[in-house]
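Okay, got some structures for you below.
Across the two complexes that follow, chain A remains constant while its partner is chain B and subsequently chain C.
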Partner chain A sequence: MSKQINVALIGNPNTGKTSVFNALTGLNQKVGNYPGITVEKKQGLCKLPRGVKAHIIDLPGTYSLNASSLDENVVIELLLNKNDKDFPDVAVVVSDVENLKRNLLLFTQIKDLEIPTILVINMSDRMRKKGILLDIPLLEKELNTKIALVSTRKREGIDNLKQLIADYRKLSTEPCLKASEIDSVYFDSLKEAFPNQLLYKLWLVITQDVNFGKTDRNEIETINSFKTKSKADLKRLQQKETIKRYQFINNTLKKGQTVDLASATDLRIKLDRILTHKVWGYLIFGVILLTIFQAIYDWAQVPMDLIDRLFVFLSEWTKSALPSGVFTSLLAEGIIPGLGGIVIFIPQIAFLFLFISLLEESGYMSRVVFLMDRIMRRFGLSGKSVVPLISGTACAIPAIMATRNIESWKERLITILVTPFTTCSARLPVYLIIIELVIPEGRFLGLGYQPLTLMLLYIIGFATALVSAWMLDRILKIKKKTFFVVEMPNYKLPLFKNVAITVIEKTKAFVFGAGKIILAISIILWFLASYGPGDDFNNAAEIVSAQSSSKDFSSEELREEIASYKLEHSYIGIAGHAIEPAIRPLGYDWKIGIAIVSSFAAREVFVGTLATIYSVGSGDQETIKSRMAGEVNPILGGPLFNFASGISLLLFYAFAMQCASTLAIVKKETNTWKWPMLQLFIMSGFAYVVALVAYQLLI
Partner chain B sequence: MQITLAQLKRGQHGIIADVSSIHIPLKLLEMGCLPGNLVELVQVAPFSDPMYLNINGTHLAIRKETALHIIIDLPDV
Partner chain C sequence: MNTIIQNILVFSALAYAIWYLLRKFGILPKRKKASSKACGGDDGCGCH
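Here is the complex of A and B:
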């Protein structure tokens, strides 16, 4: 049996590194987190020739080994730590044929760590179109490595790459640049102090601005005492190193690459002329956003109706097929409706992830960053804040992680703080069901009132995010150090496989993540709703019969009276009545109160909770929606979910901070409980006041 | 003639002469913003900020305030 080969995939952003990873591993991959930090860790298995297996790890994209963010630091931590179980036997540097020069910078740095390094030149199908000609044997000789020409789009070159990985032992570990060339005096003294260490590795450890990890801590401390140069001097040397590396790369490419610019037909120029245009650019961006929202609303309707009916059927079937008892009613009245409340939103969430991944894969997102930077800066944000704000419409958690590439800490902090205002997919279930209940079905200028209301809620979310960012920019006293560099990658037709994997992985994570919470909550709720203390609950049948003996109830009506009397005197009813005084001014009854309280774990629990509460004791075959529509306001009469209470609920959910996972991630990213607690109290307090005012004005 | 990158007009190009390394992030240098390289202004957002550049084949956008610290040589007309 042979040992698994550890392979690290490394590359600049936008080189198609993930496509290479997907081509090597297929669906045989696992996405997790690095221990203790929230950087996404993607790994997978790949079968190589002769029965050898490779464990492949897809490292975060980086332009160089000089880390300026947590994500980039992960790459360095791994490459500098020989004892890490993932330490690569061989590094595969993925480059893009059009940006070979820049991509090679990272390649030379990794090669200088004396790790066997294969160079992948990706998107080789574009070579002819761009007029690029490569002399591969010559480049292999100059760079002292093996090169794999790969086109993930045409599925070419992957087998060759697998073969090269399997033969990694034949690769040379000769460095490209001698570290001493950077500054001979300084490096000589380094060599004297640490005779057994690799000079370039020492140099990297010395010059890292950020050291988040625990690796090589002892080493760093001893080296810190050695550090004889000022920060400015070190930076000057890093600049010199970069120039030296580019000299080497230029010399290499002069021999091994010819570019015929005349034959390059550039789609980029034509597209950019329109998509980044001062007027058309913004117009097109607006139209794209509109289309996405309309599509999410319309396209998802059919599968959603099907899922809704399926769960009603499942619940009914369980009741009739299983012997009646505690377990059956837990299943039919607790778990199934609770889960149905989340599964029904899979179509919409999948669509949302689909659109976001299309925008990112195509390269369009960078144009949006470019267009929006100036505008966002007025609000104390960066153009790069647009990406978190847009992907926040899927989920605030990855969105907050996506703020890491914002260079200025102040802009980044503000983005983190306001991102939870954007309408995430967990709010969608709540919005959709309430909109269906309280907004009439008519049309205005060809657009339905219901989708328009939904869009208005999205706009309210964004606007609140911007206004609060503007206020935070004024309030927060943080010195601003702004750097803003964003690569404008070439346009690409998104690869179906990449988009599909993203949609499947993200939807799965959402459903299982939320599913666990919902399952637990629905079991607890079912229990609390099915049992109660004292005589009121246990003798409900006698009490109701005695009270209603004067009234003329049919047996069916009597049964329902008993069920609702029981619910009111169950544990959950008692808890709900206790908080009722606080929420009555907002137009809610105690059942909605329970749903709101339970959705402080996660917003999407709201629908599941109501589904569970309403289904306990009701025997009819009804969907969640029709049950909610049938609820009567106990004091005023009329439907409980009317225009006023519906709008009040919508606004409450638009502003309140009801997501334990978001709070946890904000704590992780900002390293203090101060900011998440601020979000929890300010956002929820604001939500309460707005909902109160709205209800009192509308009623 | 020498000007700062911020003064370049759309479609114009020049050769980078000097970058003030205190004001320029290392990341920008690593992306190719180094003396001797050709730079072209591809597109500007409203108010010429940010600026969309092509430096030696690498396309990137930077803010005007950063562009002020990059000196370029204009080709003689």
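Here is the complex of A and C:
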């Protein structure tokens, strides 16, 4: 049996750590969460020389082992806990060739934990362009380790890295800085109290409030022979440690690195000047957004139509191939149309993630964050709020968790409360289908009305988040003090592999995450639509036949009349009619009402719900779009999905708080039900009023 | 026979769907996974 070793990939943010992870593992990776917390855990397998297998963990990016966030805590807790099944046999610290000095701080800290550590110097292909020269043998000697020069872009150095990992036993575990150099008196007494423990680990336990082995901070404080210092003194010692480390790093780089600025050819400054310009910056960002939305519509049309037809075919085939009965009906009229309602949006969602990933990979997204900070400040938000607000376009849940790095509680709370206004990917299916039904296909200055409407909805969501933040800043009486630091990574040509993996992972997470809920809700809805109480439902065929005896119905028309009558008297029909008075002023019928109620679990359920309800009620095999387009307003006549009701629905979905998982995460992050309940009632109440006003004005 | 089997399948699917949603939205407690070697439970590693 071949041996498997644990490898931890560690590094500062933006050093290309994930690219190295992708290069080592390819598609042999899985994403999960660390136990008990919601920090993403990426792990994968890699084959090394001599038949050795490596289990690789891509740890969250961190600047040092002085943890200040949950993500950073994950790194330090793993490195301090030898009993952890993921404890690394070897640590691979990924650094960026242009930021070696800063990146080496983390390297020296990890090396001092006496874990075999390899230094990866990534983006080595940029060395010549930046006028950087490295004396690798000398650096290896000074740092007492092995160095792998890697360029993930050019696929260089990965085999060498694999070889170094396989030979990890040859690596020295000598520390870079002896802990006693920080403060000899203090560390001597620490060593006396805990003779069998590694001093630097003890130091981290004392200063970071984390545990390792069976030793924790409280235990250390109860040892009589050892007097720990006050918090202020510990801080001073930490600063001293950092200064000592940088002295060591400076000395090392002085010998092993030369930077010739005269030979550096840098486009970065020129590009930054334009892309973060107070006028051009916003204009360019606007043009990029327009292009993205136009492309989402133009490119996704063909695959969407194909998927739509495929599900119609599947539904028909199920009916013809399986013996008739209730389970066949459940499959053909419940599950397949319900799932079709979500699968159809895969192309558009994949394109959206493709563009977001390209913007992130190229380094442009950090410039957007910088640009937006100027606006954020005016609305009482932190520059750091931009990240949750932008990542909220994918999903509000990770976005709300991303607020953890906002130091000011007031700014963090405001960001949590307003993030659900940004247009998440779950709203996308609702927007796309309604826009296609009610907005004409014409163009304005080469741009389609439909993509423009979609972009407008994104802007409305973002603007509402800002205005709400401004109001909350004035309403909430909490003191605040904050600052904003953002790292501007270099511009890079996006790596195809990284982009592809991001698109696949994100789309998969959306489809499978939403798919299970939609499948469950489709089954329940089909049941509620296919069964009903009393004689009206059970004797529907006789009642309709008797009522229509005077009318000259064909057998097909009669069958549809019976199906429609049964649906109206089914459980779902009864529930729908009960809520109809509340939604009729908004231009909706009871079927839309049911879809809205069920989508309070998750927004994306809306389309699947309508697909299921219409499928049960309809005898024809039609696509979801044609079924919805064919629905008639029972009171006013004409299409149910017209301009007024469509705009009303779009605005309702733009503002309503319809995501049980988001409410749960807000409760978890704020530790009270007060804020999620306020979100639910205020956002949904606001959505109702806006949708009502829109419909009444447009009708 | 066919009708009975189809009914059993439908009601089983319905029961599973209801159970799944109740669990998903926290109305029913989720079953805890067996603790792994470390960090999955109190195994004396000191990190809990």
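Quick note on the criterion: the second predicted complex is superposed on the first by the 660 of 699 C-alpha atoms of A that agree within 3 Å, B and C clash if a C-alpha of one lies under 4 Å from a C-alpha of the other, contacts with A are read in each partner's own complex, and residues count from 1 in each chain.
Just so we're on the same page, a residue touches a chain if its C-beta (ideal position, glycine included) is under 8 Å from a C-beta of that chain, and two chains touch if they have at least 3 such contacts.
What you see is a predicted model, and the numbers here were worked out from it, not measured in a lab.
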Once the structures are superposed on A, label A:I523 by its partner contacts, choosing first (chain B), second (chain C), both or neither. second
Look at A:E98 in the shared chain and tell me whether it touches chain B only, chain C only, both, or neither; answer first, second, both or neither. first
After lining up the shared chain so the two structures overlap, which partner does A:N81 touch, if you call chain B first and chain C second: first, second, both or neither? second
Touching A:V326 in the superposition: chain B (first), chain C (second), both, neither? second
Return first, second, both or neither, reflecting whether A:F600 touches chain B, chain C, both chains, or no partner chain. neither
Is A:K278 in contact with chain B, with chain C, with both, or with neither (first, second, both, neither)? first
Taking the stated contact definition, name every residue in chain A that is touched by chain B in one complex and by chain C in the other, in rising order. none
Can you tell me which positions in chain A touch chain C when the two form their complex? 34-35, 77, 80-81, 83-87, 210-216, 323, 325-328, 330, 516-517, 519-521, 523-524, 527, 601, 660-661, 664
The answer for chain C against chain A in the complex is residues 2-3, 5-7, 9-10, 13-14, 16-18, 20-21, 24-26, 36-40, 43-47
Considering only the defined contacts, which chain B positions touch chain A in the complex? 21-22, 25-32, 34-35, 42-43, 45-47, 49-50, 52, 56-63, 65-66
Residues on chain A engaged by chain B in the complex (per definition of touch): 63-64, 66, 68, 98-99, 101-102, 105, 232, 235-236, 238-239, 242-243, 246, 268-269, 272-273, 276, 278, 366, 369-371, 373-374, 383, 407, 482-490
